[in-house]
Amino acid sequence: MEHGQRMTDGRKRWLLLVGAAVWLGLPWLVFGNNYVLSTLILIGLYALVSTGMTLLMGYAGQISLGQAAFYGIGAYASAYLTAHAGWPSWLALAAGAVLAALVALVVGIPVFRLREHYLALATLGFGVIMFTFFKEWKEITGGLNGFFGIPPIRIAGVPLQSDLQFYYLVSLFVLAGLWFAHNIVRSRVGRALRAIHGSEVAASSLGVNIMKYKLQIFMLSAVYASIAGSLYAHYVTFINPDLFGIVPSIYFLIMVVIGGTASVWGGLIGAAVYVCLGEWLKAVVPLLLPNAGGEFEIVFFGLLLVVMLIYMPNGLTGVMQKRMRRFLEMGGRQEKQIAAVEGHKARSIGGERG
Amino acid sequence: MLVLRNVHVYHGHLHVLKGVSLQVDEGKIVTVVGANGAGKSTLLGTIAGVYAPTEGEILFEHKPLPYGKVEQIVEKGICLVPERRQIFDSLSVRDNLLLGAYRRHRRDGQEVKRDYERVLELFPKLQTMLDRPGGLLSGGEQQMLAIARGLMARPKLLLLDEPSLGLAPLVVKEVMGMLTQLCDQFQTAMILVEQNVRAALQTADEAYVLERGSIVVHGKAAELLADERVAEAYLGAAGRR
Amino acid sequence: MEAWSQFVQLLFSGLTVGSIYALVALGFVITYSVTGILNLAQGDFAMLGALFCITLVNNGVPFAAAIGLSMLAVMVVGGLFERLAIQPARRSPVAVLIIITIGASFVFRGIALLVWGTDPYALRPFTGHGALEVFGAVIQWQSVWAIVISLASFAALHLFFHRTYIGKAVAACVINPFAARLMGIDIRKMSLGAIAVSAGLGALAGIVIAPISGASYDMGMMIGLKAFIAAVVGGLTNAPAAIAGAFLVGLLESFAEGYLSSGYKEAISFGLLLLVLFFMPNGLFAKMTGKRV
Amino acid sequence: KTATSGGEDEIKIGAIFSASGGAAPLGKPEMETVKMLVEQWNKQGGIDGKKIKLIAYDDKSNQNEAVLSTKKLIEQDKVTAIIGGTISGNSLAMIPLIEKAGIPYISLAASKQIVNPSDGSSRHWTFKTAQGDNIVIQKLLGFLKEKGWTNVAWLNVANAYGTSGHEEFVHYAPEYGVKAVIEEEFEATVDDAKAMLTKVKKANPQAIIVWGTAQESAVVTKNIRQLGIEAPIVESHGIGTKSFIDLAGEAANGVWFPAGRILVADQLPDSDPQKETLLKYKEQFEKAYGYAPTTFGGHAWDAFHLLVNAIKEGGADQEKIRSALENTRKFIGISGVFHMSKDDHTGLDADSLVMVQIQDGKFVLAEQ
Amino acid sequence: MSAVLLEVEQLSKSFGGVQAVQNVSFHVKKEEIVAVIGPNGAGKTTLFNMISGIIPPTSGLVRFQGAMVSGKQPHELAMLGMTRTFQNLQLFSDMTVLENVMVGFHSRLKSGILSAGFRLPRTVKEERQAQKQAFSCLEQVGLAHLACKRAGTLPYGMQRLVEIARAAVSRPSLILLDEPMAGLNPQESKQLVDVLLAMREQGFTFLFVEHDMETVMAIADRIVVLDYGKKIAEGAPEEIARHPDVIKAYLGEEAV
């Protein structure tokens, strides 16, 4: 057992290294094409948000339909504090993250008393309320006209202006975010979260403080989203409330589901597939139907989404995990059996009593 | 009326039933006993259509069953009272019972009503809680409800997966007695899976012992009850107390 | 007196909007209580219904026939949607099913865009342009239609769910599908029926609202969202509560807009709704759920 | 500086429209107009013998898409110039990238911020062809003053278009002696605005201004009449499509709004310098797509021709194209007659607009 | 040895009109095994739910290790050393058996979200310890070979054992077991009886509900009998077996 674990870790580390090398080398692979780079940057930013959400959904079993609000908090905090209050960008980013965490705490306390679809509704409501604030609090946010003139982020006084620099910055954040999430998942905290997912009564009678963990993970996901929002604001230098409404929240949800919540990689994979699929359709659809506008892209995107999820109900990571397991030789034969029966959904019955 | 020949069932890659053959005659109670994980629940599930066998055949009244098609099998008169009760939590006890007879409402509404009265007589405890959501009952009450709901279907073949689970000793005795009575009165055949091996053997006509997916012993229930090996393996040492 | 007439006006505005939400919300409830799925494409059924109906009417089909035909057409669309997208994914986690319905909603919207373009369309009211006057407030006949139709649909459904054994069986499907099958309930047929009926109701909602606000390919999103809120407030499995929820949402919006700020209308009505939920975490219309801890 | 790649015999023009999504009613005719024009020009041999290659993306009314598409046009497609940005928000998001890359750009959206930003950032490369809301509002206020309707109700749709109109209104209203007795907002997805309108009714204004685009404005317009409010209604140039009339029905009768001349092209006096151009566009567009052109398509027509003229002058040199654009004089377009200058990258004044009234389901040129 | 660990005083619970538990009082001493028996619906599970903090009592007190604990949350009680199993199994069915048991060790670990996220050395050490403990606990109940299986796929009887291991791994001072033998055949329950007795030797205390009278008689030091929510008898197994009220309400004439 112990031995198997160590071997697995070894292989995993190796895989991670290869991944990191590819990631760092990507800019050269794409010949410094800034358009591709900016696509990658966007993937990275979305990945941050959806990694936080993956933790929240996959490991704590809580759906959030208002995540874009935190993304917005980060973006507006950075925008306002750097452009109008003259703060250094890093401080503004940190302040945004703290603010997002605080908002998550304040919102989370009442919201997490609710369950299931009530919870979904409450997060949706939170999203709508925040959107209204972004829209109406014109002195701070510039209202629907948007917020202009956000300065670029600076490292040691040097502004990061090229896509290449930004790509590395975002990658760093994504890697750190994944590492952090990965550590949480395989710790006491991660187990507690999954336990909550499985049975709240049982978890709590084993000493898991359900409210505390739900709140903490909600705050964490808010911090992820907020950081991504701050980075986005500095990158594009113009933001407006439409970026942080309900529709973007739903897009984040789509990314998480495409990626699957079976592992912390789901967020990154989901974001990548989501963005690439969109870009790919943009290139392919006009070839198939030369006279069509963007509407065909929506039809195809919807169709692909449906088909993909029918065949991969656990998202891409769900499929990949099975392959990976085999590759990592984890747990030997027995593990294979588990993987094999996983498709068979054993309904947890008797969840009604405790 | 029910014949299984060389039935194999897999859960994923796990070979759970390895060539089980078994026979149930009209109006007879057959019991299947065996250790945890032997495959008893899987066996009942297969007959009821929850799982499909990969090999072998199952004949009911001389015709093969539509494997894996639960609804059609119910229509043919086979009813499973499953492991873990499977109550409809948020429906009232009354609705739970009436749903048991779902397939019969259209045909014989009057008879369903009579059965309903009769079932409640068998479990007077339920009578006092007809409007309570099923999920709020105590464990044992739910078990009674599950059995009663199975009876409401008035099947030709009743499959019972550990019906005595969580029932108080007095009630176990009543239930077992009731099963025998039912069998005599309506010619209902039954397969009874039980951990309470003694009670099962006392109730049943025939018995099978399932071990790791294969039938290892088969005989008259009374004979098995007397069999020393069985006593040792499944009844626990009698001397304890 | 003027304050009074404003109040009545707001009340009827709220009821009109609420009745539209109610029809779509009923669709949510039926789908959810049979299949356990939150169908976020529900609003698009309204869009399809409205646009079908407008096209038929513009092509000279008599009004009543057009309504019936377009409901039927949308029911077929709903049925196809169930067979092609929902049924194959039955075993998937809830979140995945929700996203599948969102994907379907993209498809519906995209197809509608191709067929009908981006321009909004108008439909004439069921019975003339006249209006009622009550205490100085004006109520369009179409609003009366909307309210009556939503209440009538509700009554029909209520009878179905509570007076027939099929109604019970329908509920059983989502509470415990496994046990439902053991009772001989064909949950696939139930699911098909439920989604088709929901689609029909959605279509009806769209047809009723088209004379009030026009119809365009992207109207489904907003109606769907509001109806979703209403259905959830009502507890999702409880048709009367969903209707009450829908009217509540409609009235909240109307009064928030009329007495407070229209810019903050959404935030205010949502805020109030959440406030209530926080004090009643099991929903506004909680009844015994059959869950013990 | 010249565009680096691209065959010698073609000129790449990039375009970004909101052909789907919320702003589709505006973006779709824009895209169709440009596609039609490119085809025409290429049939006639292109610009100075070089074919025009149009690379058009649909931003789906989404700001992110607009930014990404801009990047793609600049970095991957390496276009010579860009037109587009159907809505103000998207145009504003695109501008920082375009200014940095140094590419001639003509926006089709209205906000004043596009060419005169309040934060003073650079607009060296940016031009636009839609009448800025500052101009439209002034036209509208002039009209109100003339009619003597000085106590008005102001209602705008809650999006960038509506709020920006509101700001301009607040800014210019005192100059014209117009006062808002009540100011309200309505959602773009409104179904029933009666709740809001009860307040308007109470305020008893001399005229009601509804500032939005077709669908939502139609709902509000209908509701105003349904509530029995008799005050005259004045709306924005955003309702300038036939579907507004269909949707609002009876209630549309008598509504005034400022608009470009395309809506009433055939009613213009022959002396109008734009008349010929307008009628030609109208005929061609109707022939190609089967419906009447809109003012929005007109913005695209203008952008395309301004650019073509500048390219004729500047060739492939982007700085030359830019300065040619800036030196445009007396260009007769659909939205008006353009006079660009260093300080004015729109080049239109209030004369580019006329007041239109809807009478019996038709757009009628109001007396000047 | 004789210190009182748990004291229940005049505990009552009513659900609307249903008086599930009425004025029940009893106590459990250290290293004792106490059984609660009674007909179906007598209120046994409800009693357990109140003691373990899952539902608040309508009235009455619970004292644990000398401190008042009524009104405390289940997780607080777990931290104080009281865990339980459930009549209707509550396994984390998507987690492996080992992970299930490791969750049981939660109350013994300290690392929070930050130290876990940054994977501080302390966390690493704790993880190793948790894994070791959980594994040895599984060995004790004889399930070590199933450690990597997904808990939801285990047969019913084994799931019960996993629940018991999960409740025991943190070495709580009191474990509440709700029908631990349900779903085990006589031979298997006998093995479990041995495990429980051995654990008692190690200093565990048990309060359990059970319908299998053989087990109850074999291991209980004391028995509390409930009927219709009221305590109708309490005493040593032999006394209870002869108690006429108990025979009438619960055991039936030809009882054990």
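Just so it is clear, A, B, C, D and E label the chains in written order, and each chain counts residues from 1 on its own.
To be clear about the criterion, a contact is a pair of C-beta atoms (placed from the backbone, for glycine too) under 8 Å apart; a residue touches a chain by one contact, two chains touch by 3 or more.
Predicted, not measured: the structure shown is a model, and the values here were computed from it.
Engineer: Of the other chains, whose C-alpha centre is the longest way from the centre of subunit C?
Structural biologist: Chain centre farthest from subunit C's centre: E.
Engineer: Could you let me know which interface, B-C or A-C, is made of more C-beta pairs in contact?
Structural biologist: When B-C is set beside A-C, the one with more contacts is A-C.
Engineer: Return the chain whose centre of C-alpha atoms lies at maximal distance from the corresponding centre of subunit A.
Structural biologist: Chain B.
Engineer: Can you compute the centre-to-centre distance for subunit A and subunit D, using the mean CA position of each chain? Integer Å is fine.
Structural biologist: Their C-alpha centroids are separated by 37 Å.
Engineer: Whole-Å distance, subunit C centre to subunit E centre, using C-alpha means?
Structural biologist: 47
Engineer: What is the distance in Å between the mean C-alpha positions of subunit A and subunit E?
Structural biologist: 40
Engineer: Suppose each chain is reduced to the average of its Cα coordinates; what separation in Å results between subunit D and subunit E?
Structural biologist: Using C-alpha averages as centres, the distance is 73 Å.
Engineer: Which subunit A residues reach two or more other chains?
Structural biologist: Counting only residues that touch two or more other chains, subunit A contributes 135, 201, 295, 298, 337, 341-342, 349-350, 352-354.
Engineer: Using the touch definition from the top, which residues of subunit D touch two or more other chains?
Structural biologist: If we look for residues of subunit D contacting two or more partner chains, we find 20-21, 28, 158.
Engineer: Subunit B: which residues touch two or more other chains?
Structural biologist: Those would be 11, 84, 86-87, 89, 132, 135-136, 139.
Engineer: Which of the residues in subunit D end up touching subunit C in this complex?
Structural biologist: Going by the criterion above, the answer is residues 20-22, 24-25, 28, 158, 184-187, 189-192, 194-196, 198-199, 201-202, 214-215, 218-219, 226-228, 241, 243, 246-247, 249-250.
Engineer: Contact residues on subunit D for subunit A in the complex?
Structural biologist: Residue positions touching the partner: 19-21, 28, 31, 57-60, 62-65, 67-68, 71-72, 74-76, 88-89, 92-93, 95-96, 111, 113, 117-119, 121, 158-160, 162-164, 167.
Engineer: Within the complex, which stretch of subunit E touches subunit B?
Structural biologist: 15, 18, 38-42, 44-46, 87-89, 153-158, 179, 182-190, 193, 211, 213-214, 217-218, 249-252, 255-256
Engineer: What part of subunit C is in contact with subunit A in the complex they form?
Structural biologist: Those residues of subunit C that touch subunit A are 38, 85, 88-89, 91-93, 95-96, 98-100, 102-111, 113-114, 176, 178, 225, 228-229, 232-233, 236, 263-264, 266-267, 270-271, 273-274, 277-278, 281-283, 290-293.
Engineer: Using the touch definition up top, name the residues of subunit A that touch subunit E in the complex.
Structural biologist: The touching residues are 1-2, 180-181, 183-184, 186-192, 194-195, 197-199, 201-210, 216-217, 220, 331, 334-335, 337-338, 341-342, 346, 348, 350-354.
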